[in-house]
Amino acid sequence: MPKKIRVAVNGYGVIGKRVADAVRVQQDMELVGVSDVISDYRIKTAVTLGISVYASTTEGSAQMDAAGLPVAGGLHQLLDKVDVVVDCTPAKIGAGNLERYREHGVKAIFQGGEKHELTGHSFVAHANYATALGRETTRVVSCNTTATVRTLTALKDAGLLAKARGVLIRRATDPWESDHSGIMNTIVPEGRIPSHQGPDAQSVDSSLDVVTMAAKGSHTQNHMHYWTVELSRTADREEVLDALRAESRIALVRRADGIVALNSTIELMRDLGRPRGDMYEVALWEDILTVQGNELFYTYTVDNQAVVIPENIDAIRALAGTVTNAAESIRRTNDALGVRQDFTTVPENTRTGSVGT
Amino acid sequence: MPKKIRVAVNGYGVIGKRVADAVRVQQDMELVGVSDVISDYRIKTAVTLGISVYASTTEGSAQMDAAGLPVAGGLHQLLDKVDVVVDCTPAKIGAGNLERYREHGVKAIFQGGEKHELTGHSFVAHANYATALGRETTRVVSCNTTATVRTLTALKDAGLLAKARGVLIRRATDPWESDHSGIMNTIVPEGRIPSHQGPDAQSVDSSLDVVTMAAKGSHTQNHMHYWTVELSRTADREEVLDALRAESRIALVRRADGIVALNSTIELMRDLGRPRGDMYEVALWEDILTVQGNELFYTYTVDNQAVVIPENIDAIRALAGTVTNAAESIRRTNDALGVRQDFTTVPENTRTGSVGT
Amino acid sequence: MPKKIRVAVNGYGVIGKRVADAVRVQQDMELVGVSDVISDYRIKTAVTLGISVYASTTEGSAQMDAAGLPVAGGLHQLLDKVDVVVDCTPAKIGAGNLERYREHGVKAIFQGGEKHELTGHSFVAHANYATALGRETTRVVSCNTTATVRTLTALKDAGLLAKARGVLIRRATDPWESDHSGIMNTIVPEGRIPSHQGPDAQSVDSSLDVVTMAAKGSHTQNHMHYWTVELSRTADREEVLDALRAESRIALVRRADGIVALNSTIELMRDLGRPRGDMYEVALWEDILTVQGNELFYTYTVDNQAVVIPENIDAIRALAGTVTNAAESIRRTNDALGVRQDFTTVPENTRTGSVGT
Amino acid sequence: MPKKIRVAVNGYGVIGKRVADAVRVQQDMELVGVSDVISDYRIKTAVTLGISVYASTTEGSAQMDAAGLPVAGGLHQLLDKVDVVVDCTPAKIGAGNLERYREHGVKAIFQGGEKHELTGHSFVAHANYATALGRETTRVVSCNTTATVRTLTALKDAGLLAKARGVLIRRATDPWESDHSGIMNTIVPEGRIPSHQGPDAQSVDSSLDVVTMAAKGSHTQNHMHYWTVELSRTADREEVLDALRAESRIALVRRADGIVALNSTIELMRDLGRPRGDMYEVALWEDILTVQGNELFYTYTVDNQAVVIPENIDAIRALAGTVTNAAESIRRTNDALGVRQDFTTVPENTRTGSVGT
């Protein structure tokens, strides 16, 4: 049996705690520990879940001690024990950590809050797993960009994509935030067109002809994207749907199934027993998608907290170099996380007898 | 001095009360009365404002009496006294009233909740005032469609418009609604693409190549539109802005002036002393608008409660036939309502001395 | 080994699906099946989870067939196979089902949407498990009332309660609802004082001197209660906290732990891996609770979707009569559901080594 | 004719702009100018309205110049021209301005964001106008405290008040705020009981036995208060209502009139043509108010942006010493602002004929 990839997560926030969860369910990975500076309920929960907690700073360590938290050591000690670190610290903080990771000879994955230039490589598994193989660093692009690249490269792979123009209505803040971060009863447009997501998608695949416009909406979870796509040729609806089905992290949903809004998918994930109610897939409305000649129109929703989690897992394997085939890594990740392409199709072998515990 | 156009408003709701206000400040119109079936604070306020109130039904009349409201008569009595009725009853109700209006020989204006087929004519002042002249009926299109037609015909008039693809994020319900009408912490997409606003814009100007996609956002006031426009030729930013400035009911706003979101414009209208805080103009962000080659991208916000009010006033003149020139009617309406093309340019002759009452 | 209690759930909505989940993890119960009339994602998920689905109506059965759902039979067939049915149909619908349950000789539990008179017994485990023993029917009171009774009877048990006056800020609609049920940017007061929860608490314990005032707030999950309690005597803070700690379904939370708002507890439950992010406990702020002489002031939050679930489980045992001791049933339920009295105290035997899968 | 009181407003924000408006409609006052540091749409509107604008800082002056704003001078020049300054700068900033005002020999009114100690006097017109007469400074208490004092002193004046316990659900941020200030889909309790409003009410009237608990709700306008009052004796409903009617700035509203929520009153104010849609009155629900023996329960809503405006106007007269009688000042203020005790009673002499412009 091959050695497991030893992984650290630096920053146990919205993304970090999910990456930690996801690492723990991979057969070929081991979560050595997480590191942070906080000492409140968020990190206490990590301890309750049996995760080793390290302190990123001396001050953080002292506060953890004071809060009764068992501190396993400092970040540098954690880095001594791992092959790959996933940096999930707040935007712009990660850049300062890179040198530290290098000193410890640890490969590092950053998130979309950092600039492409930090790593020179931006990652979406289906698009460019191969070019990340064995690299020292990569950057998993943001939730909006991840969804954009997944869908557009699916169309591109089928030879259907000419150009894409998108409107992104983002959630305003994360569900756990309690103060001084939200917007109320308004929409706030981004100050410039194109918004940053279009160029960001091109940092993954420079061939994409994509322009995005973005605004924040008055809700706390899930983004919604609307796309106007010029196809490279006239196509029919089924051809387009088949192209999308070829990307395993896009799930087709239907209003006919009662999935009629962003919050329907959130409820659905909870119903399915997903940890934290997370949706790793882009949920694209099959019965809203429309083709008119060589124009394609569609809308989907993205769980901004979860959509990048499978990409982080694949990025770990890519940097570690243990799995050289993208499809194989994606398959392992999807299986471990229970990624699906359809949420409501009833399984063939449905039990119809009475059920107990 | 020419005789004033005698006007009735049937339905004193969100639109009706604003039409009534607007009619009262026109020099060439007289508000004879309003008619409704309610007897609560909304209609009591009409009485307080000195408006004659009529009852649309016998039951409504009895309830008004019981509530201590002075009822001036029944709707049919009101219709006997007017030249034009503006029907602002709830969507789909108006259709049933048409026959009644005809019996009284009264010209009638309907709102966008009714179908185009009801009147055979759909109205936006700048686009087709002339074809409404002397007609028996017309229909002022909905708030979203009015804004769409204003902006697209401005581009068309300048010879710039090839085709337009829009995403419309609508307010979910009106600010006064208290129960069982809102959405919470979500976005609800319309069930089909194109949404109805595109075809509706074509009911005003069939030459428009326009497709719309729409969703409801979790806020109560103002819509937000994002447009991707293919220009008929390469143009520069100033050329586009000049085209938009040629439509007197588009106001250019700027983030540099602190107008950074939908609620900024709402606060601004209150600050300017607008009645009910209404914005009759489409507020389009000058410093977000972007041109790339022959592609134009822009966003604006629309006061869903107020944007159709000037159109209703113009429609009254068009049906009455008292003003044959569109520009003249538009000028009168704009002057009476204080319509502006720029909200923040400080007037030339600003007083700088101390001010009293 | 004693025979398991065979349970049916009629109505697979917000409460029903959670009751079904909870029954499945009890060692002494068996979920025979659930019954409903819907055929969309909500019931499809039940099938995916391996639950036998029955149709409550002929029409519902036909629609389930059409949607490709394997229907195990009609509700009457389900009733033939069970000892207890938990009725989780919408408010006021349950009353009509009682006769049907009786015909099948099945004991029945109703929810707080039904009137006390339907069953003649209203249930909160700690307050009156004993009086429900062996009964044909009982009614688990609503989420707000359950929380009220849990906290007030804890004070009463300690001899501390004289009278209690509460203000209840309710969530406006359930998180999954997408349209025409929410309120937006407002608060809606109940039309009368006292609101129904006070009298409802007295239907469980008629000795409680309690008055409630209630309003709906502009949020979708969790209620918040503020209480002003007159103590029967002067007491100190620790005495009051001890009284509350004696009720196993009250958890003390602290702002000092970062739990500063309703949504903090929601995030915490997700972090703890709770199914659907559910909180079965009343989360009462220890560091806000204040005693002044013989007056006590405190606030807590209630997960309106989950707080009644443990009560339903206890009610099943009480009606079935298999466990005669309240404390024993409560212990079993709490253990199976992972109910805690403190969410953030780090376990004694915390692992500090590295962890894998 | 007596000389008008010359007034300056320092800080043209939510409160300042309303005070400026209100000063301008008083017959015995003159608004000499307003001072601020901003240069965006908010202050540009002041210029448009014909108000002289001064710069509070050299930097602010430069930015106003750059923005094309005609600057009438610096704050110190404004202070040279006035008798009274109303300080409406952000909380805690005002304290630093006091010395400056003293140097210019200008009397000064501060807002509730400052501490009582700054002025040694806290003001609510009906409660303690007399003690403010001729003072150098006073402090108009916050919106929540103003409403609390108005209602409780009305009960006290009638000899009915023993003690009062209140729960205050506050709006989370002001409607104009666009970012990083709101809360979303939650309630945030204040960290301590009693919240500061109770002691603050006692800074106006130390005899009040009042305790408050407060939380922020997910809405942007109007607070809602729920009160449990122990009366000094058994009373009936009408006696209590009469006591409240004796305070001219409490308006009784009714659900029977369709006023069923916070946003109903906001719509009502817009319908009544109030500037900015402001409500100066505490709107107390007559048909929810309940008396049980010696206990009184009621709820009201407070326009957090406007309720303190009439108090500021009265405070100007009190400091200036031009009107020694509280009732006379209150009458003048109320008349000028159109304060009402009932919003929906139809006027006696209602016109029933047709109305024109």
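Going by the order they are written in, the chains are A, B, C and D; count residues from 1 in each one.
One rule holds for everything that comes next: a residue touches a chain if its C-beta (ideal position, glycine included) is under 8 Å from a C-beta of that chain, and two chains touch if they have at least 3 such contacts.
Note that the coordinates shown come from a computational prediction; the quantities given were computed from them, not determined experimentally.
The most distant chain from chain C is B, comparing centres defined as mean Cα coordinates.
When the C-beta contacts at C-D and at A-C are tallied, the pair with the greater total is A-C.
One inter-chain figure worth recording: chain A and chain C are separated by 34 Å, centre to centre, where each centre is the mean of the chain's CA atoms. The distance from the centre of chain C to the centre of chain D, each centre being the mean of the chain's C-alpha atoms, comes to 43 Å. Counting partner chains per residue, chain D has residues 175, 177-179, 183-186, 188, 218-220, 260-261, 263 touching two or more of them. Interface residues of chain A facing chain D in the complex, by the touch rule stated above, are 172-173, 175, 177-186, 188, 218-220.
Across the interface of their complex, chain D is touched by residues 4, 17, 24-27, 30-33, 38, 40-42, 44-45, 47-52, 68-70, 72, 81, 175-179, 184-185, 256-261, 263-264, 266-268, 270-273, 275-277, 343-347, 350-357 of chain B.
Put simply, chain A touches chain B in their complex at residues 165, 167, 169, 183, 185-194, 211, 213, 215, 217-222, 224, 226, 228, 255, 260-263, 285, 287-290, 292, 295, 297-299, 301.
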